[in-house]
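Two complexes are shown next, each including subunit A; its partner changes from subunit B in the first to subunit C in the second.
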Partner chain A sequence: MNKEKINRDLADLFREAKEILARNTSPLIDRHREEAYRHFTSQGGIPANTEEYRHANLLPLFDRDYHVALNPRPLHVTPGDLFTCNVPALDTRHRFTINGWPVNNPGEPTELPGGVIACSLSDAAKYYPRLVEQHYNRHATTPPRDPLVQLNTAFARDGIFLHVPDGITLDKPLQIVNLMLGNNNNIMSFQRDLIVIGKGATATILACDHTLSDHAFLANNVTEIALDENASIQYYQVQNQHSAAARVHSTCITQERQSRLDANIITLHGGYTRDNLLVTLRGEESQCNLHGIYLPDKQQQVDNHTIVDHAAPRCQSNELFKGILDDHATANFTGRVIVRPGAKKTSAYQANHNLLLTNTARVNTRPQLVIDADDVKCTHGATVGQLDDDATFYLRSRGIPKEEARLMMMAAFAREITGKVHLAPLREQLDDLLEKRLRGELSKCHDNLLHCKRST
Partner chain B sequence: MDKNQDNILDEFTRGEYKHGFVSDVETETIGKGLNEEVVRLISRKKEEPEWLLEFRLNAYRHWLTMKMPAWAKLDIPPINYQEIIYYAAPKQAGKRSWEEVDPELKATFDKLGIPLDEQKILSGVAVDAVMDSVSVKTTFKETLAERGIIFSSFSEAVKEHPDLIRRYLGTVVPYTDNYFAALNSAVFSDGSFVYIPRGVRCPMELSTYFRINAAKTGQFERTLIVADEESHVSYLEGCTAPRRDENQLHAAIVEIIVERDAEVKYSTVQNWYPGDKEGKGGIYNFVTKRGICRGERARLTWMQVETGSAITWKYPGTILKGDHSVSEFYSVAVTNHHQQADTGTKMIHIGNNTRSRVVSKGISAGQSSNTYRGLVKVAKECRDARNHSQCDSLLLGDRCGAHTFPRVDVANPSARVEHEATTSKIGEDQLFYCNQRGISTEDAVGLIIKGYAGDVISKMPMEFAVEAQKLLQISLEGSVG
Partner chain C sequence: MNELLKIRDLHAVVDGKEILKGINLDVHAGEIHAIMGPNGAGKSTLSAVLTGRENFTVTRGEVTFKGKNLLEMPPEDRAREGIFLSFQYPVEIPGVSTVNFLKTAVNEHRKYRGQPPYPPGEFLKMIREKMEWVDIDSKLLNRSLNEGFSGGEKKKNEIFQMAVLEPTLAILDETDSGLDIDALRVVANGVNRLKAPGNAIIVITHYQRLLEHVVPDVVHVLHDGRVVKTAGKELALELEKQGYDHVKRLLAGEN
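Coming up: the complex of A and B.
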């Protein structure tokens, strides 16, 4: 694994791609590339053994041959044929992407009720330049600039754009379905989503990540979310990919006064999954709730990395991440709460709990508090353990078989997170998926992709 | 926070450094700077055997290849290692008879409240007093020797018990361990050596008192404690330095070996000169302390009260190798004015059924920065390890910082590891409660802090608990959050 070689290859790619990218992208997006790439290289390129990416081991993932999709691939099928969401009762608006490219109708995007815009980022740059200029790459640049976010900014061309104007409530949840589909080759993609929620507006967003072919994938995606005053958003992210898929997703969120974020990061399956959740509480009295569950087995690795930056007084943050680890799985959690000088009356809570089911599973957890103001209340907790013997015994003494008792307890452990999902159909489906996953039925399905492709 | 509370906080955090005087003792120093010749010179002055010189030189050569680490949350001005004097000895030290020793030297330790005259000692503590680079006097040596206990300065031990030193030196903290460990291994001067033979319970507390006196010197002491099977010892360490405008470097190594069924209690009251209110001067305290529970059921307890030093950088840690071994870490770290502390512990679980417990209480005031950094590691082969860590921070004032960087690495599912931390100021509701029961705000703050640190102080040996309590009062009388 030669870090220099990988970085050299990326540099070559960037040089070659620059022209193609410039020709096809709006200057509003293109003008950030050089600077972002400079920040990427000044931090040593692909992070290896840095404090932020300590156990990440990204080099082997980047050291494969990928086709980097610099142009959208022509599509001969409608995405709905390739994939149907298996939450039947969920009434949502869909936006599909394939390998990071939005699947959209040509021409000017039609506005949804209330003047809501949900289209591709490139269309948005064309038809709503003011909005894109105002927000693009403004929320992903808070220091310390994450190198992989910078890499995305350097290469990104397109993604999903959502704007909910002031005072509007999005009538239906927006479902962003990200599909990965190889055509005889492995794919590396850089998707960039931008979500802007106006003053007092509310929205529910569900982002799903799936794989449709058994090629190796590497997605380095960024979602920027801007919450204006009094805005509120429920953001769900469900990831269910195959074992050769690697995905780094950074969600960069800026919150203005009295805004509220509820984020739920659900990681069901994937080879390597890393979620960076970078929240800046910039306005007073804003609130963010971050929840996550991960259930890796086999050789999977799940990293959750969160930074909640309290930059204004009287903000609240709650964070709870839970994991159940089986087989040879590895999970890393880093949660950093920063309280800036002057951010008084801050209340921050952070917890990470892990269940280890086998001798070979591994957890590294690093909850961190960096506090530079007084008059704050910050707590964090982390546990690593196994199922409680007494509780198992109690259930067995009531005639519940051992295996069933263990499942019940694991499901209960996980439901603390899924219980926070407000969308009832999604919650039920997630509980169902969780149970399947804990029974080992879901990973079976992943060995047989055909079976999953057209899941009901 | 109202005006009144502000005043109280001010008074509370204004505590003066009581040990800032300089003793007029004739001191023999070598020139400043560091090179192989200096390492050889120190070794020669100490009349050391060839193998120890070799150890020093290896360490020095390794140090040259290393870079000073920058990961700590500390703002350390660049240190010029060529500007430091690496050896300073009070001329009169090491005299065979106590009567011959310079009265000024005696007076120094008297002033510090360290009993070196055995007749005057009430508390029953054996003391090894170290000033700058040499040990001045070790008390009760003979009494202890009757039981086979070796308690002497490190240099003496090298001469009298070379086999023991050679067997244990560098086994817990190898010179390759870190930057300051390498530096210390190259130029270490004096320190204490303790050996408790098998089955012996040390009849009194052993104590080393470190004093920096000479200007522009660095202190590099080395402590080695070996508790053989089924033995028991309680060891205390204290340190002070004069008030000076320039910073002085202190880079020590402590190694502790605990064999089967033995128990070691290691307590520190660290009160190096912390610098003045503007952050001028003070000691840089970069210390590597580590113990190993080698045998089954070995037990090692760390207790520390950290109030001094301009910059503290230390992580006393335990390697729990023997099955059923236990380690505990209790710490109160107080930072005030411009002090910076990055401190915590490492618990490395290797043996089965090993247990560890961490209680760390940080108090930050003024413009100081106080960081807890900890590691709990459970090795793959280690079954049924248990750890509980609690690290709380208390903030007094709005310009100080309290940071927590714990790290939990678990590679075995049978481990139960828990970590919890809180950061807060003294609650207005707590103060109000005390006030309405007729307790003044100042008393209430004292009470709350006493209660806050009480978990740790109550675990300390009696003599130290008293000193620690007093220290807390000096630096933290009448606080409000």
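Coming up: the complex of A and C.
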């Protein structure tokens, strides 16, 4: 794999794209490109065997031929016709993207009750420049600057924007549906979302990633989330793409005083799925809860890379990631907790538990605690194991067949994570999907799970 | 009498070591058998082999249950044919609720017999009825199976499951160990309510005290992988008084 060639191609692309991008993007977004690209190249370009991306094996993914859409493709259908969410009774407001480009679904207004704004990032830069100027790329630059975040900043033009003003509760969850759809080409995309939650405001967000055609995809997306004082957000991400889809998603979060984040990262299917969760607890007594479940089989790879930076006193972080791996699947988990000098009374808990169903599945789990303050409480734990033989036998001895017994235990293992999903219809659907997935009933469904019933 | 379980010359090995060295046993419908014996005699191995634990290998002999070759069946089929083991150490299974587990188990039994799943309302009614047998707290139903249960609660939960599954042959593996007098009586009552002309019970125990409540028809003494003595219920009392060393001495004398 030729790293130099890949980086050279990207450099050529950036040079060619700059003008097109500049012509079509607000200066508020465009002005960050050059610096971001410099940071990307100064770190050696696409990361290969770096500390942050150990085991990630990105080069083969970047080595494929892709069409990089620098402008949105005209769309002749409404997204609602392409995709119907199959979670019954889930009452949400939808925002769609296709290949990283926001597309309007008729009947969804930009301004919502309470002065909430939900629109495209490019429209936000046009109509609400102050908010974009204040927040765009402010939460994605905390060191160490992730090279793929920088690459996104260098190329990104658009994505979804949400602003919930001070004191407002978003009336319904916002569902961001990201669809990948090829025409004749494989597609590389750079979506950029910005979510700003004001003082004392609350919101629930569900982001779903799906593929609608068999093409190879490489999405390198970034979501910035700003939580002001006392703000709280429930952020659910459900990823279900086909095996030729690669997706790197970096969620960069800054939390002010007494704010609260509950994130749940659910990875159901995909060729390569990497989530960077980069949280800075900047205000005192802020709290973040990061949860995740991943269920790769065959040759799938899932990486969860979390950095929680305790930069203020009396903050709490809780992390629990669980995985069930089948066949030749691989999963990597890194949980870095940084406790800055002066971040007294920090409480940080972290755990990563994995079930390996075969001898060929692999897990690398790395807790990393960097503690530069006194009077802190940090715990971590990781397990990699098999289903408990004693428990399997116990269930079988009651007349439950072996496969069913194994399934019950796997589902129970996963439910510790889905049980933390507060949206009841989503939780029920997820449990149902998890079970189907574990039964192997969804393996042939190449487009997506929330949509899948149609084809089964 | 109707023969349920027939064990002939049963030999079994675990980790290369022979634990059962030629067991013979006949259990008929309507009978209660007690199997007693010192630690390491092979009592728990016998229950494990009968229920199909995979880490034990049968090297010789045969076991039939209701005329069928038991050793050929996977553990779940043995259960659905009517064998139930009350575990000496019930396993904790986090995340699997007791009530869902029971529903799955009951419906698997019904499926095996060609019956449709229990109608949900009737299932809960039956569960509530059986809970009274063993005086079990209904809160336990929604908790994860055995997770955080006290020793007594775990044993009661075993008997509760037995009551729900209504086995033809129940094997109680040291169900009395770790129980106080009240819990012992509750467990014994549950066991006695299962007793019916078509059923049989094997009680594996060290002590006489459970046998005061669940009175055996036959008592066997297991020693070094063999049944060395079989007699009526008075044998249990005799063992309680004289200890297993007495049996060992007798055996040594006979040699």
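Keep this in mind: the second predicted complex is superposed on the first by the 440 of 456 C-alpha atoms of A that agree within 3 Å, B and C clash if a C-alpha of one lies under 4 Å from a C-alpha of the other, contacts with A are read in each partner's own complex, and residues count from 1 in each chain.
Note that a contact is a pair of C-beta atoms (placed from the backbone, for glycine too) under 8 Å apart; a residue touches a chain by one contact, two chains touch by 3 or more.
Please read these numbers as outputs of a predicted model, since none were measured by experiment.
Among subunit B and subunit C, the chain that touches a larger number of residues in subunit A is B. Of the two partner chains placed by the overlay, only subunit B lies in contact with A:Gly381; subunit C stays clear of it.
In the superposition on chain A, A:Pro143 contacts neither subunit B nor subunit C. When both complexes are overlaid on chain A, the residue A:Pro113 reaches neither subunit B nor subunit C. Once the two complexes are laid over each other on the shared chain, residue contacts for A:Val363 go to subunit B alone; subunit C is not touched.
Once the two complexes are laid over each other on the shared chain, residue contacts for A:Ala373 go to subunit B alone; subunit C is not touched. Of all residues in subunit B, those touching subunit A in their complex are 71, 73, 378, 380, 393, 395-425, 481.
For subunit C in complex with subunit A, the touching residues are 51-54, 74-76, 78-80, 84-85, 87, 90-96, 101, 104-105, 108-109, 112, 144, 161, 165. Subunit A makes touch with subunit B in their complex at residues 51, 341-342, 344, 354, 356-386. Every residue of subunit A that touches subunit C in the complex is listed here, in rising order: 388-391, 393-402, 404-405, 408-409, 411-413, 415-416.
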